[in-house]
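Shared between the two complexes below is chain A, which has chain B as its partner in the first and chain C in the second.
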Partner chain A sequence: MDSIIQFFTTPSFLMQALINGMVIGALFSLAAYGLALVWGVMNIINVAQGDFVILGGYVAFYALGISTPFLEALQPNFFSRILLTPGILPLLSIPIASSILFVFGYLLYKVIIYRIVSRDLFTSLLATFGISLALQQLMNLSFGADVQFINTGLPTLFFMDDLVALPVVRLFSLILASILSVFIVIFLKKSKMGLAIRAVSQNARAAALIGVNTDRVYAFTFALNTAICGACGALVGMIFNLHPYIGTPYTVRSFMIVIFAGLGNLPAVILSALGLGVFEESADFMFGAELRLAFVFSLLVFVLVFRNWRLSKKREYLK
Partner chain B sequence: MRDFTKNDIRLFIALCSLGLVAPILFPAYINQLSFAWIFVVIALSWDMQGGHMGYNSFGNIVFFGVGMYAAASFQILPFFSLGDWTEAGGVQTFEHSVSQYFSGYALGILFAAIAAVATAFIFGNLILKMRGHYFAICTLALGVAIGEVFASIEILGAGQGLSLAVWPRGFLDDTYRRLFFYYQGFLLFVLCFLSISYIIRTRFGMTLNAIRDGEDKAESMGLNTNFYKISSWILSAFFIGLCGALVGHLVGFIDPIDVAFSGATYGIWMIIMAIIGGKGRLWGPVIGALFFHAFNEIFWTYFLGWQRVALGLIIVIIVVFFPEGILGFFQVRKKSSVSALSTQPQQQKK
Partner chain C sequence: MNKKISKLILGFSALTLLLVGSATAKVDGDIVTLGAAVSLTGKYSTNGKHTKNGYDLAVKRINENGGFKVKGKTYKIAVKYYDDESTPARAAQLAERLIKQDGIQFMLGPYSSGLTKAMAPVTENYKIPMIEANGASRSLFTKGYKYLFAILTSADQYLAGAVDLLAEKAKEEGRSLKTLKVAVAVENDPFSLDVRLGAVEKVNKYKMKLVLDEKLPKSLDDMAAILTKVRALKPDLLIVSGHAKGAATAARQIDQFRVYVPMVAMTHCDSAQIEQKYPVGAENILCAAQWHKKLTYSDDDNLFGDGNDYVDIFTREYGYSPPYQSAESSTAIQVYVDAFKRAGSFNPQKVRNAIAKTKLQSFYGNVKFNQYGQNIAKPMVLLQVINSEYNVVAPTKWASTPLIYPRPK
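Up next is the complex of A and B:
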């Protein structure tokens, strides 16, 4: 009880929770938008979303781990000096993770996912759950069970008499997440593939009739989702840490955000993601960090029960 | 009311007699055999609402864990202070006498059933009104949330887990201990199989099938679907809770995340066992569970470290290529030569 009162009466705590929450929320919004895309277009709920995020983080971690000593061993020249400036290489690792995960997602689609696109939701839930299980242990076997962390070498800013800390990398991630989501919106609105994706999500049969190759659109959508997860994962690796078995909370958070916002509503997704981030950080302050996961998961149950209760007044239900 | 076919009865009697003599035939494998019966029971009870009612829950592991904790703590509670017990940790400073052990055991089993049923009643009222994948995801989150909550309760050992009462020292030897648990698992199987095979042949079971095939229509026929859904979940919870209690005693130590509320092991196993055998068929979960258990034992013995990869791949393969399971696979092939029209799983009348 004391911690709750203390939290609400101390401005620096409030400020810290707000800042951290916004940053985390920006990250969640990326994963959530990928989930909403796949759900809306392919009618698949991807339970392995969080594991793709973690995989992206590991890819970025190893890209950095390989390239940094290599660059340092080179004769210092103009390029290596630029690349070794703190913050540049980690920044570059984001597109690298993203593109590797794009290829990974494309291959995964070609091997497994295309078989479950037309099936019912339970099949896709179970199949992606299986992928998630296998991926978790494969990551554990290949990357080790240690907690990893991408060191960016960027400084931390302090405000309000040094009581509120804001690592620059968190600021980065906020900016990057907003740039990425703007980019995704523009891509979906303007490009030809984006047009095809939107057409298929509205009516796959009609889109196929007018000559859209739905299989290619599905493959691209899924790969795009994993690419978004890759970028998100690289940022997760810089801000939090990486561990093979911590993917599921990211899946649950993205699912919660999508349910809260509704499918295909990007501003709402971003808003509810920021809201969730701030809410979670505040709960962290008030109830302690060990209950954080319990809080996230029970919040999802609560949101679903609440939405269902509201719908039941109109004699409808969640389905 | 549909009748048992002669084949059903023959198969059941054969299985029962095998179960009775199995520990004498294979004395080295008593523990594995007791787990086999427990697996059959959890698969059958998951299938009760997953297969027959069509409510695919990822969260029945909640009842498993709740039953396990109830059985453990109510065996300790009447005789010792639970706080002191968890404080002592792995150091065994407390010992149950013979009468204390068994009276506590009975009490624990009783409360395991009560706790599981109460949990199913409370959450059933809240979340069984959702449909389809919302229900599935909600139960998935529920399982993890309750596991995390239990992992933060100090008096139950928090994240360090809770060790169960040990078998009273000097009372019979280890073989009898194993037999004691084995025959309980076997008894649980007989009870569970008989009650479920009876229930799915009554009006109650037909209502469950009606809910699976079209809930809105069932409701418009005047069936109180909510009552049926909750009672079916409670029945499923009852057996899974008892299984949890038994597994707790067999393992001897409860870890909140990795044993009691482990969605990645027991939680997904019960689903995949029912699907391997054939969802919504009486014998499906039984065959699936036995098959899966054998597979699982082999994998844990020879491919340690890869078992989750294997499990994930198995799930994908089963779900993608054999969604109807072993029984469904053969039934479809057999039927396609007779008539392709009937799609419902039914007994073949001779």
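Up next is the complex of A and C:
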């Protein structure tokens, strides 16, 4: 009880919970949006989502690991000086991870995913679960089981008499997640491919009838999802840790967010991700880290029950 | 028809398996085979490799020196390995398989408390001795196991020494122990909970104040909320335990959120390599270790020499400096050989009794088991990261460098 009162009466705690929660929420919203996209368009629940995130992190980690010593060995010139400014290279590693994962996702679609698009949910669950296991072990074999992280060299900002801390890299992730989601919305609304994706998600057969190449749309959607995961992973590597076996929490969290928000509703996904993040952090302050997840999952149960109750009322009305 | 044939094939293969199984035995000619399930894949694969390398190095060294003598006859050692995939269920299965199918009568431990816990009931059931070097949870020694022996100090001792150290420093400064505040943040797993238990017992003994007692979920690698609380509570000592991931997260975020605590102690610093990866945050952090090369123990059997010799030999063989996980694994093999010699037999019961009476010193430390199979002859040491290097600072008897306290701001 003390800790709950303390939480609400300490402004620095409230502020820190809000900031940390938004950062976590922003990261999860990226992964969750990719999941919702694939789920809505292809009817596949991608259990390997978290592993794509971690893979993206490793790609960024190695991209930096290779390029930094290379640039440092060069004669210092204008470009290398700009690139070696703290924060610039890590920032660049995000689009790199994203594009490499885009290619990876496209290939994965062409090899495995296209076989399961029209199958039932169970098959797709099994297949993506298999991909998840294989990917974890492959990452373990190629990158090792050591805990890694991406060193950005960026400072930390302090507010409220130095009681609230905000590492600049976390601020980055918040801004970047917002830019990315705006970009995705515009892309889906305005571009031809976005239009095709939306058409296929509404009715794949009808879309095919009017001349949309559904196979191409599926491949692109899946690759777009892995690309988003790649960007998310690069940020995860800078803020948290990378380890071949820590992908699952990201899958679970994004799954939860999508259930919260419903399919095909981007603003709802982002809002529920941010809300969930803030809620989770607050729960940590109030009830301790031990009960943090328990609290979040009980909230999920509550929301599901509430939704069901509302739906059942609607059914009565229809009757 | 088809069903009949498949049944026949099944029956036949089961029969062959049985026959093959009983044909291989633990002592074949002049080779004694030990059995081990270690994590070559899965989340413990790094430490699994350290464990295997430790075993392999001792085996290689013994065999190169011409083996060992039991009742005038010279024997050599081999180890049969399986990959337990870092999962307890698989480890238990493999223990069963090693004993029943492969006829192994002497077992070595896997990596981690969880997996050792899964294997111990099996070896106990078949009355096969198991010397383990990487399962530190206290609960391994409260079940009354008769065939389980642990080379390493149990988990509750890991950071209890840090609380002692704080008490010692406070007395020097003339501060009352009751005013000291301790914060504890551990992962919610058997090992770390034991680490917490040992530390909290000491805190209660000295009547210090436990201002924060957090258990982190396994899936979490963010300590931001906890560190914010630590900043507000201003403890004198912060204790963190959560394997390599916990050490990495704490060392980085303590620096990132600029949280100042005069004394910070954690486990698994060396497997997380915090001194190299997070040099700023890691500076002056205290790390619990089972062993350090600077300790002045040396082998009774002259297999490696002292700690520095071991590091040299290991580095030459595997190209990296051995963590304590490898050192303790090598000593497990030394204890087996010593027990074989004293038992004068390869009867599991006799070997078990010989192990129970072990009294030896290796480069790793003294080994002597109590009735629960715990090694009671070796203390834990506390290392401090000073200029990105580990130095022994406690217990005072082994200290090579004076402790830096409080950590400079």
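Just so we're on the same page, the second predicted complex is superposed on the first by the 284 of 319 C-alpha atoms of A that agree within 3 Å, B and C clash if a C-alpha of one lies under 4 Å from a C-alpha of the other, contacts with A are read in each partner's own complex, and residues count from 1 in each chain.
Note that contacts are C-beta pairs under 8 Å (C-beta built on N, C-alpha and C of every residue); 3 or more make two chains touch, one makes a residue touch a chain.
If you're wondering where the values come from, they're calculated on a predicted model, not measured in any experiment.
Engineer: Just chain B (first), just chain C (second), both, or neither: which does A:Q137 touch?
Structural biologist: A:Q137 contacts both chain B and chain C.
Engineer: Can A:I246 be said to touch chain B (first), chain C (second), both, or neither?
Structural biologist: second
Engineer: For A:F255 in the superposed arrangement: first (chain B), second (chain C), both or neither?
Structural biologist: first
Engineer: Answer with first, second, both or neither: which of chain B and chain C does A:I116 touch in the superposed model?
Structural biologist: The answer is first: A:I116 touches chain B but not chain C.
Engineer: A:L125 in the overlay: touching chain B, chain C, both, or neither? Say first, second, both or neither.
Structural biologist: Touch status of A:L125: first partner only.
Engineer: Report for A:T10: first if it touches chain B alone, second if chain C alone, otherwise both or neither.
Structural biologist: In the superposition, A:T10 touches chain C alone.
Engineer: Which partner does A:F70 reach: the first (chain B), the second (chain C), both, or neither?
Structural biologist: In the superposition, A:F70 contacts neither chain B nor chain C.
Engineer: A:V301 contacts which: chain B (first), chain C (second), both, neither?
Structural biologist: First partner only, chain B.
Engineer: Quick check for you: in the superposed arrangement, does A:I45 touch first (chain B), second (chain C), both or neither?
Structural biologist: Only chain B; A:I45 stays clear of chain C.
Engineer: Looking at chain A, which of its residues have contacts with both chain B and chain C?
Structural biologist: Of chain A, residues 137, 141, 248, 290, 293 contact chain B in one complex and chain C in the other.
Engineer: Where on chain B is chain A touching in the complex?
Structural biologist: 56, 58, 126-127, 129-134, 136-138, 140-142, 144-145, 148-149, 151-152, 159, 264, 268, 271-272, 275, 305-309, 311-316, 319-320, 323
Engineer: Note which residues of chain C are touching chain A in the complex, please.
Structural biologist: Residues in contact with chain A: 41-46, 185, 188, 214-217, 219-222, 224-226, 228-229, 231-232, 244-245, 248-249, 252, 256-258, 272-273, 277.
Engineer: Per the contact definition, I'd like the list of chain A residues that touch chain C in the complex.
Structural biologist: So the residues of chain A touching chain C come out as 10, 12-13, 16-17, 20, 24, 137, 140-141, 144-147, 149, 151, 156, 158, 162-165, 167, 239-241, 243-246, 248-249, 281, 284-285, 288-290, 292-293.
Engineer: Going by the contact rule at the top, pick out the chain A residues touching chain B in the complex.
Structural biologist: Counting only chain A, the residues touching chain B are 45, 47, 112, 115-116, 119, 121-123, 125-127, 129-138, 141, 248, 252, 255, 259, 290-291, 293-294, 297-298, 300-301, 304-305, 308, 312, 317-319.
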